[in-house]
Each structure stands twice: as structure tokens, then as C-alpha cells.
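As written, the chains take the letters A, B and C, and residue 1 is the first residue of each chain.
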């Protein structure tokens, strides 16, 4: 009846279950370790000064690099942020300030929808809207596609964070006679700003790794270019082009490019989380 | 209040910096080319299309850029189908294809498009059979049957008969073809349709066909990649891809009954038969050419230019480039496994280039 | 309302409306540009397998088959693992391990798809190929395993998709489990349940939310493009075999979009994009409804569910 020390079938089952769950964690970590191991070991071999300072050379000539692609990715993410941050943050403000309104429900639904749209479909949309009418593959079109993907992420993060700001702050501001606008922009948003910036950085890290929407918007460019109306290279598209090629040299560069991508994403994620954790601990939340 | 303002200013400053870095050249530009202000007057011209000539085009554009540092031609190899479509859409300034545009495609374009042959190339059957390093012999009908899925194993009697000295294993044949719209495909199926009536009726001739069997790779690069990585596979790629990646490729029986391996020489012989009668618009197929020593799966590859381009500066730059390619550029062909154009063809092209309205 | 408040509301509302506008624009553009194909083929588009650009015949059955098959397979592999992880992190692991484990699983989500594709081509595909070659002939006779051992094919695609789906499903499942009231577990323990039984009770309570989490993973798998394109073999055929090279809707868009050389071809491809959009829309909507309804049932306060993007 007591069964406190005997291994009843139920207890064995429970122990097995716990073990199975731990195994799942291990299983998930295997591909992670595998991928990171390969990216680092293969990529490090090809990372040299040439890689960061040279543009691609013709097939068969050594010494090529991905300088134009790295700059291209920076420009594209910058453009995307320039478009998505204002729309995203202000939409988040609207969603948190006017929660119950019909527009807010519709916008919330739209944001969730947009979050789930496959990136290739967004690429098709951006092609139809930003490339075909202008008869141009361009950096702007690529930035637009990436920006569209960023908006819902920033919107929802901003909304959630603004809701977490204690009501006392809002009430205090309004009690002191501030207009709604002033209360929001001078009290509430700054209170949530560290978290919002974290969200923006995480969103940037995510879209820096996107390939599909760039395939038919920013296309690709063999040369170093900063023009907004010309096609531009990007690390992701370049890695794709190199990966499916038969040239060993290009394969090595693809691994190096992947390493750079993974590093950017990791550094941004870790920095953002570290900052968020510090802010949370300072605020004592 | 000041602290808040400072914070917003900081964020705005960062955003402005980001925008400034990407500001670059935003002057009004004409379609697909850009001119910088100031003394450099650099011109960037965008083109896209065939992967077949990509090795020599990338060499040419790089050399031309060394000679004329203000002209930058950005060529992306996305397949002939892509090249044709993008030049019709005018999202690129010029296209490149190894399968000439059909009459319908030409009608769909907003203005007349001219074809200019640039080099001659060969499509070779590459294979990766574990344990077999010998050079295999193929005939057109046998290749057609492999791609129709009728020959399924490497030790099939039809293949064994052609290669009596080679021990072919009982491995399954993995057929590799293009997954994208391809001029290389066009050349290959054009040839197969000429030698196999069943292939012609079942599959047909186009840049993008419905393959009865096989795996798809993107670009000549993708097919080469798949073949090198898949034991028991067969694919078709441009000669230089087989040479550069050291993939085994076989010889093919030509119309005269000889087994010919692709080379600069044998491809030139294939063009010699057709050169005297080349049509005015340069659209001609030279597969299954008559004549001794001709390689049967050879083809011209063409650059597509509008007769009346909107951007005159880019038009003039491309005409100048073509004149260079037809003369000095031909020197680079042989090293990369392409055959230079026959002399009478280049002469006719120089004349045709004058049709492009550059002013 | 004071006039400045009104300006504020309108001003900020305009930006919010812009978001709405974008989504509507996507739907409208896709629908508009696929009318040519819809008019010509109607519903038959989705029933025929004949994808023949030469003849102008477009049947998209292989793509929808490939998309659904690969995503369902990925779910079968990923769901138990993801739920196991969620349970372990939220219920079973020592507190000190919690944060690092969460970080590691989110790392899985952060790795870009193209990097998975690169690893897929050079590491996973050869590994799958050796597994396929090592299979005994008796198994090979089954339709599930028939076909030459290429390495590229449905199995490799399903594996990569599973790896990419696991972090999403586990993150949402973790959140869902967090909202289960402590009283549920405490009651179970009070009645003498083992850890397994208590967790089972909690999971039963959270079942709608967990189904929602699984569906979210499904939605993610449906739309994945790059990693799948690089390992699935790109052959439009309907096949049960795990070894057969097949094709998904997202992959065909990536490969053939720039070359659709006539209006009908382009329209057919855009129709595929439209259907992909609609399917992912429905799946995501359903999943969020499930998660939201479960959260509401569990806690009177509004549950703060961190959106996918911010976790990545």
C-alpha cells in the first residue's frame, strides 16, 4: 500500500518518461552541434582578408571574396529597418493604446497573418509590386521585401512590451496634464524602449538570414555597388549561388559566408538577450 | 524631458546613419543602367541568362572592365529561360540564351530583339559510375532512351554493345536534368528530338520540358554538382563544366557514324557545315551536323539586344563590347573550351550590330 | 476628445492601417495576377500532375503533394521531440539549466535557412544516401522505400524541416504549459500521481494550446523554401517513396519564377503562391485561435505570448 520505496510500474514509467524527455533535448541539440561544427570548421578555413575585401573573381580565378555581399546585406537590412521600424513601432503603439477598437483587432490579425506568410510569397509580391512596374531589380525592392517581413515582428513585440509598462506611469503622466501623444512618447515608449530595441535587433538578425525574398528583388550583383536602384549582392543569395555550383573554391566561400551569417545572427541574438536580461534585473522585474 | 529628447535623437541619428550609408547613388536612372555623377561616368549594365556560356562571359566582362574601368557589366547566370523572360520584361538590359527565342516570344517583347552569336559550345554527357574511368561511347538514340527512362541500368545491353571493353556495373541509372529553364536543355533536347522520334513526340523541344524521369539541378552548376555527388548518375552540361570539374564525359556518334568527343576542333567542324547558310537573324540549330569530325551536340549561344534600346548610353557600350568580343574576345574561347565563331559569321554580325540604334 | 488626442489617434492609426494595407495588397496582388491561370484551368489545376511548360499544360498536384507530404513527415518527427523538450524545460529540468537550454533551442531557430540548406547538401544528403544504400533489398521493395538511393529526396527534406520546426513548436508549447494553473499539478500530486502522471494531466489540460503549437510548426514547415529546395531533388512527381526526388510549392516558385516565359506560366506560378498564402493563412489562424482559447481558459489575465519572430 505504501509503495514508497518499491519500483512500481507507475514509477518506472515515470522515470522512463523523464528520460525520454531528456533524450528529446539531446536529439534536438545533435543537429545544432552538427551544423555549427561544420559551419565553423569549414568556414574558418576560407576566412581570410581576401574574403572580406575582395569582390568575386571569375570562375577559376583565385582570390575572390564576398566584400560586396557583406556590404549588400548591411544595406538591405538597413533599408528594411528604415521602413519597418517606424511602421512597426507606431502600429504597436496604436495596438496597445486603442486595444479594443475594431481597427486594432483587424491590424492584430493582419500582423499575425503577415508573420506567417512564407518568405517566398513575400518575394513574389515584392516582384509584382516593386520590380515589374519599375522594370528593375533593385536594392530598394529587396529592402522592401525584407521590411515587409520585419513589420509584424516589431509590431507585436512593441505591443506586448508597451502593455507591460505599469499603468501607474500612464496614469501619472495623464494626471499631470499630458496629452495622450505626450504621455505615450515621453513616458511609456521610453520605458519600454530597451525591450523594443531588443526586439528590433532580433528582427534584424532574423531577416539578415533570409534568401528567398531576395531572389527576385535585389537579384545579385558581381560588382561592389551601393546604388539603391541597382541589383545588389547579399551574403545569403551568394551562399546559395555558390552552394549549388560545382566549383570547390566557391563551396569553400559558401561555408565562409555561412559562418559570417551565423556569427551575425548569434552575436545579435546574444547581445539583445543579454541587454534585455540586464535591464530586467535592473528594473527588478 | 531632455533625456527623452536625447534618446529619440540618438535613435534617429542611428537611423539616419543607416540610411546615409545606403544612400549611395540615387540619381534618376534609366532602366537597368546607372551613370554616376562626376568625372568617372561609370556605367553599370545588367544582364542575365544562360549558364552555358557563363565561364567565358564572366571572363570577358572582367577583362573588358580592366580595359574600360567605367563599364561594369553585371551578368547573372540564371538560365536561358530566365534570360529571355527578363529581357522581355526589360528588368535586365540584355539577355543571353542558347536556345533561340521562338517567334511567339519575339512577338511578346515590346520591341524587336536581335540575336548575336558569341561563341560556340558543346553539350556533353557526363557520368559518374563507380569503378568506371573509361570514356564511354553513346549514340543519340541510346541517350534518348536513357532520358526517356527506358534504359534503367548501366549494364543495359544497348550500352554494353557500344562499349565492349568496359565492365559496366548493374547500378541504376540516375538521370540528372535541369530544373530551370535552360538553353543547355534546349540544345540537348533539340539533338535528341532529331535522332529519336519517340523523344520528339514524348518530350519535345524547349528550354523547359517535362522530363519523364530524373532529378533536377539548377543551372549547369547544379547539374554538375549533382552528378559529381551522385554515384550512378548521368547528366548533360556544357563542355567547360565537365573539364573544370574533371567529370568523365563520353563521346557521341555523329551523323557520319563516327564517335566524336567534344572539343574546340570538333565543335568548329559542326559550325562549318552551317556557317555559309546562316540566316540573317542568326537563329540556327547546328545539332546533328553533317560532315566528318563534327560533334553532334554543338550550338551557338546568343546575346539578346533590343534593336532600339531606351538607354542609348548602355546600348552604345554593349555594341562596343560586342565588337571587342567578336574580335579580341574570341581569343579567350579556346582556353575555356568554347570554339571561336567562324569568320564569315563574325563579319555578318559586325554588320548587324550597326542596326542597333545608339543615338 | 481633445483635438491633439484626435490627431494622435489618426496619426498613429495611419501607420497601423498601413500594415493592414500591406496584407490586403498581398492577397489582392496574388489573386489578381493568377486570374489567367484560374480561368483557364479552374479546379483541375490542383488535380492534375502534368506540369508541362512547353505545351502550356499546368497541373500542380505534385507540388501540393510534396508540400503536404514533407510537412506532415516533418511534423511526425518533430512533434514528439518538441513536446519532449517543452516538457523537460518547463517541468523537469533543474532551474539552473533552464535558461541555457532555452537559449540553445532558440539558437536552432535562429540559424538561417540557407545555412541549413548548405549543411543539407554537403552533410545530410550524403548521410541519407549511405542509409539508403545500406537498406536491405526486402525493405526496398516496399513503395515507401522504392527508388534509387540518391540522397536527395523526400526523406532528406523531411529531416531538415523537422529540425527547423522543433524550436517553434517547443517554444509555444512551453508557453502554453506555463499558463496551466499550478493548481492542476498540485491537485495531481496531492492525489499521489507520479511526475509523468501529473505532467500528463497538465498536458491534457493544455491540449488545445498544444495542438495549436503543433499547427504553428506545421505552418512553418509548409512555407519553408531554401533548405527544402536544396535537398528535395526538384522533380514534380507524386510518389509515396521517401527516396524519390519530389517538389514543393515553395521550391518550384524559387526555381522557376524568374523564367516563366509567358503570361500563362507566370500566372500558374502565382496561383501556386496564392494557394500557399491561403493554406498558411488558414493553418496559422487555426493555431492562434487554439492557443488563444486555451490561454483564456487557463488564466483570467491576458496571457503574454511572445510572438515567434521575437524569439528567433
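The criterion applied here is as follows: contacts are C-beta pairs under 8 Å (C-beta built on N, C-alpha and C of every residue); 3 or more make two chains touch, one makes a residue touch a chain.
Just so we're clear, the structure is a prediction, and the values are computed from it rather than from any experiment.
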item: Any chain that touches chain C and chain B; value: A
item: Furthest chain, CA centroid comparison against chain C; value: B
item: By number of C-beta contact pairs, the top two chains; value: A-C
item: Geometric centre distance via CA averages, chain B-chain A, whole Å; value: 36
item: Whole-Å separation of chain centres (CA-atom averages), chain A against chain C; value: 17
item: Residue list for chain B, restricted to those that touch at least two other chains; value: 48, 217-218, 225
item: Overlap residues in chain A, where contacts from two or more other chains coincide; value: 244
item: Junction residues of chain C - those touching two or more other chains; value: 121, 258
item: In the complex with chain A, residue positions of chain B that touch it; value: 1, 4, 7-8, 11, 15, 18-19, 21-26, 29, 31-32, 34, 44, 46, 48, 54-55, 58-59, 61-62, 72, 74-76, 89-92, 217-219, 221-222, 224-225, 228, 241, 244-245, 247
item: Contact set on chain B toward chain C in their complex; value: 48, 78-79, 81-82, 84-86, 88, 104-105, 108, 172, 174, 179-181, 204-211, 214-218, 225-226, 229-230, 232
item: Chain C contact footprint on chain A (complex, rising order); value: 10-11, 13-14, 17-18, 20-25, 27-29, 31-32, 34-35, 38-39, 86-87, 90-91, 93-95, 97-98, 103-104, 106-107, 110-125, 127-129, 148, 151-153, 155-157, 160, 163-164, 179-181, 184, 199, 202-203, 205-206, 208-212, 215-216, 236, 239-240, 243-244, 251, 254-255, 258, 261-262, 265-266, 269, 273
item: Chain B partner contacts - residues on chain A that touch it in the complex; value: 57-60, 74-75, 78-79, 81-82, 85, 131-132, 135-137, 139, 143, 185-186, 190, 193, 197, 219-223, 225-231, 241, 244-247
item: Touching residues (chain side chain C, partner chain B) in the complex; value: 50-55, 121, 125-126, 129, 148, 150-152, 233-235, 245, 255-256, 258-262
